[in-house]
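Pasting the structures in now, so scroll down.
What follows is subunit A paired twice: with subunit B in the first complex and subunit C in the second.
And now, the complex of A and B:
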């Protein structure tokens, strides 16, 4: 299958558009904006997705407005409103901390998928890379009990990221040497990592807990290796510093991709591997490096979750985790850009938190159904985002009828 | 792989290095088989001799420029020796429990069936130029709505029909977005996976709640052939589900339709060069619509087999990534029905083996669950640069004028 053409590229590429500001009518400006993947379209489409999601709620016989209100309050985003006060504000703060805790790995895994997309690779392997990162983080974090805290954390994080990178680089290396399609290899690596995790933490497994011999779970991370909590009570799962790591990673992503030689080579390979090869870029080596970078991000995500709030990994965690799946959606919604990925991760994190069982008022919407409603809305968001091409297309058709002979020079229709 | 061999054979001249490569692979496999029932040679020595021969043949093939076959032969030799050694170290009783060929092959067919249906769906869609990442979601729709339909109508046949229609309905959404609106096919397919996961989960919890699907869910019947005395193949085929046979039949039907009919030629031309197809009067959009919808129906059959043919119940996300494995099988089988079947059978065999190996060594039992995936990884890596998709695969078509 062909995934050589990446989805529409983001605003950073606006400079590549030969005629960004062409024309002055509202329609033309909208076309250009949509064409380069502006901010307005994802916002509008997200809104539209919520309207459709509301219809789903309505069909099921519940009130969409109060459901959305309940979900919104559950996310803690009302903390940002100055008029939220008193006990409400305290609750909102705790909820917002949870939302951001969920956002952290989503940003990182989203970046892992987005970076590959920009190089023309489809990294379905975020899940496996995350799992490898989590395994290494929990192993390092629960060993070396006497080590100074800061050193211990850095060691665990770095090794987890490198582990994720190495795992992903297998797919890159196979693509480079044998031409094996990375879609297949990353899927297979996901399941391989999953079963390795289940084996390691399962009963009798090498990394199974020394104290709870009857429970398929790892040892606990030693107290000094916990990531520092900077907002909220560490005992009540306050917000750990991982969110800054994720944001820093997004900055690194953007700088490397747009301002470095390696990033240029990655984009060149994504744009046209043959031309890149002709231009003297080692395409195979670029595949290895790109996948390695993706694994770095995803491995980091695993480390943040383990050292930040989970502190142990059970076989069940490894088996039910959907983070890789969500990361693909986040990257696609964020149009494979750093900012877009962060915002999409926040949206998805907020949705997950807002509809979690303990947050939703059962009288407004049955909590046991809410998780599935979230999944539907997430799907609709991504679906309608994919159709923003439709908006561009409709506007463009209308423009062409007004005798515009040369089609807009955007890559949207060709992807 | 076999396709390459047969075309080479048809031309009447199998190059010598290739021959050495194939011989090496065969001897490597033989080295392993020797230590297993029914032969059960209890000394590793004969296997080691064969393994050395296999590696030698692989080296010959490598020197002759046959990289792919050479590597395969060397891997087969080393793997055969390791497998044979492991087999001779374990008890005969254990061996006979794990390696009972009839049961293994029967289980292989059962594990392969959902994948085969979905892979055929993916193949039809991709041959028309539309990448169907949504196979997973379409399988899930088939699995849930077949169970629901069978439960509500009391008939497995109607359940199957409802399941197929549900899968086709989701595929129609994909077609509208990917073909008419020219949205990105991967984004759309991924989105539909989410929608299907949420929708089936929602309805399942809403309708069946805590209890789950009823125990007396109508089932797709098994076919009993009374062939169990005809060796292990007879045992494997003796008592199989109707849909297992359906999947094998579907492979043949899809092959005939896609490669031996005028309609199939049109389908493939749309996937290779839509503009040229349109020039000779083929309706590209209509062809793609039909292909994508058929793809959804096929994938849904695979899902329906899971729920009302195999497990006899529905659980949330019960397809558990099988749609993606089917996608891999399409690529692995190089966009050909029998290639895809070979891939799903390989995967099914590895799954069946993984299911039985725990009896052999419970301590590392879970690790064997990774076997199908590792085997597929190795096999895919073996196909060096050989898998080429239809030229227009994944590219939306824009009509001129």
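And now, the complex of A and C:
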């Protein structure tokens, strides 16, 4: 330490606000990383959820490890291990196909929620947008019987996506013009879509089956409008190409959000609507476009399910489907990024599949309880993700302990 | 360590730098003579960065002691240490002669230390009395004793001469009054040491004057006050003594009697600072911004701008001076395309832009240094490069896709040209200091090569070094032929920069003055009571 006066022109303000991202210690860098969507927090979150879920299993008098092993085998992910062979391998393949069939719409509805989050909107309407997409897909798919297959599929998919987009854009438009909160309006639109579906496919409804007059279900879509199956037996619900559509959508999501002018506008509006407006961005129009994009993803999800493996929609399907809400958990866990959403969708898809009644060995864990286990883990994930500040904090404290043997008390950011 | 500081302090050019040193000796009788608050060798690092590096500070009883320093000099960190929000890595805190550990704000309150933050911590929908007593509410039968609370606040308000209406709802009262509520709350907790973090940053000139009166009364009744600021004049005006911090270290403590702005600025920045703006007489060219008979309403639908006309020519700086709330913000918004005027016209370089949206106005050649860089001027979570692109991301895009390479190159160029420090193009704007954030806004707006530049409070919250930079740059842009409309509440700035001064009162231009006009002349017009001078063209 010198006694001479400091040099006249130093680095002006080396920025003494303890803002994140300034320092170069591992802890601060990691915090920044986590803050912008790193992988540590989601991983810890998931781990924690599984640990608590395991405790629940333990309390019910079963062995958590063998339960998780059985669930894992039920997901078909053991297919990825080269040592799985013979009949096990065939079963695993079928299970994995089912997991990926479930993953497909989860990716899409996850993106539908994530895109809105990035623009500062909370899209709870994934469910309604999905339903609208499914309705349109089943209507188009079951009509126009003479159409060439590829064209028929494209038409059904495009119209379903646009229908979802238009449905969601209503919420965006209301937000833009009247300031109505999109949380409220999308919830209301969910109910509206649900009851429209019940009306359309219900007994005597305009889209009710011509063949089964006493069942509240739609017509079957024509065979040529089925999405091609590329893995497994088409007769036994093999894996349809929808998974590639979902992955492509994730790529589009990422490019649009991070590289396009529309994505730039969406993020600017999400971070600071005042600054966006000042910069010349139309905030209201951005809300409409963003919600439209969300609905596009969710509507696509509905189309994939209908054209890929359901082939018909019953009023019951419309009423019990929770996929849009799962999308919220997927987006949260995936930290609103494309890759994160895909991985979170795979996790949730695998959980749903692995704990389904037909897959779990009843001698290890009663399958009728396993579904609840899935729900518990989902709930925990959402809970912990919402409290991810806590997890990030734990990580930071741990790292600081390691980096600094004599830690000061945790600091509260000044100003 | 202590030796070091002794050297540094006595090495400071100020005559009275030993002031702080006298304290330890006078400490023995722990009565009136001992300092109210004493900090010795406070060190606090954030990562590799030492925000406070062995800071010494002594607050005598019943004095107003200013803590002066540039943005990021460590003033707020030091006071957060005092208030128990941060734990120092080294050093000791003495209150009334006793060494204490302040672990939390609650402990600080118990020790008689009160803090008024720059951003008030009030609950807008509650009344003044409810806010003051919050945390130590008088109860009656488990319920809040409303009457008792109001009485308590009224007594306090009478005793210290801080006039407020205890039953008023906080969101309905002015910012100046809200600040009084904060002060009252601290006093209600028995604060003997009151720390005010940049208290005048949010106040109008009138409110500032009132605050100074309040602080003097509090001092005379025995409260010891720490007054954090980076405004030289204000510090000389209010404080009895000044301690200057520079880059986390104490550079000296001086009596304000005998100090002047230049000497304080030198201490603060570490070099000679040009407090006057050097500029040639303007050479006005053709009119670039013409506003005629403009009427604009504010958010509540009230008439804020009522028939205002002004013209700014290329190569001149026209300043709009006035008491805050006389239509300046609405005028700026209307010109910038952020608020549609109810009538009147706005023309930029001859092109009518009345009621056009912000994008049209911007592409017509209007730059706008926003009044509030954090709320409006920047997207704090965007990187510097993304922020610099906010004006023209569309022009540089191709097929609807941004071109990161171009954005990066442009950002590098602008960051260097405008001397924005503290980050590279990928750094989030949030982590820059206030001065550098402002430079970032200025870089973007001037970098867009506008014909008309609206500069709204361009130096608000900046330290002398940064103010010097901004002022020089504005003059340079004027000399380059741009038309600059300066809107500022700082008369000093208005007089230093403007070629013509338009005084607004209640939404109209009430007079035009040359920059040589005295502050008194301008001030008189600002209150609407001046002699009717020439109406602006």
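In the analysis below, the second predicted complex is superposed on the first by the 357 of 415 C-alpha atoms of A that agree within 3 Å, B and C clash if a C-alpha of one lies under 4 Å from a C-alpha of the other, contacts with A are read in each partner's own complex, and residues count from 1 in each chain.
Quick note on the criterion: a contact is a pair of C-beta atoms (placed from the backbone, for glycine too) under 8 Å apart; a residue touches a chain by one contact, two chains touch by 3 or more.
Please read all numbers here as calculations on a predicted model, not as lab measurements.
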Touched partner set for A:262, first subunit B, second subunit C, both or neither: second
Touched partner set for A:60, first subunit B, second subunit C, both or neither: first
Contacts of A:221 with subunit B and subunit C, given as first, second, both or neither: neither
Which superposed partner A:122 touches (first subunit B, second subunit C, both, neither): first
Subunit A positions touched by subunit B in one structure and by subunit C in the second: 1, 3, 5, 7-8, 414-415
Partner subunit A, residues of subunit C touching it in the complex: 1, 4, 7-8, 11, 46-49, 51, 70-74, 76-77, 80, 85-87, 89, 103, 118, 246-249, 251, 270-271, 336-338, 357-359, 361-363, 368, 370, 375-382, 386, 389-391, 393-394, 397, 400-402, 404, 421-422, 427-428, 430-433, 435-436, 465-466
Residue numbers on subunit B that touch subunit A, as the complex places them: 126, 131, 173, 177, 181-184, 186-188, 190-199, 201-202, 205-206, 316, 321, 324-325, 327-328, 330-332, 363-364, 366-367, 369-370, 372-374, 376-377, 380-387, 389, 393-396, 398
In the complex, subunit A residues that touch subunit B: 1-3, 5, 7-8, 60, 122, 124, 174, 178-181, 183-185, 187-192, 194-196, 198-199, 202, 204-205, 325, 328-329, 332, 368-369, 371-383, 385-387, 389-390, 393, 413-415
Residues on subunit A engaged by subunit C in the complex (per definition of touch): 1, 3, 5-25, 28, 255, 259-262, 264, 267-268, 271-272, 274-282, 408-409, 411-412, 414-415
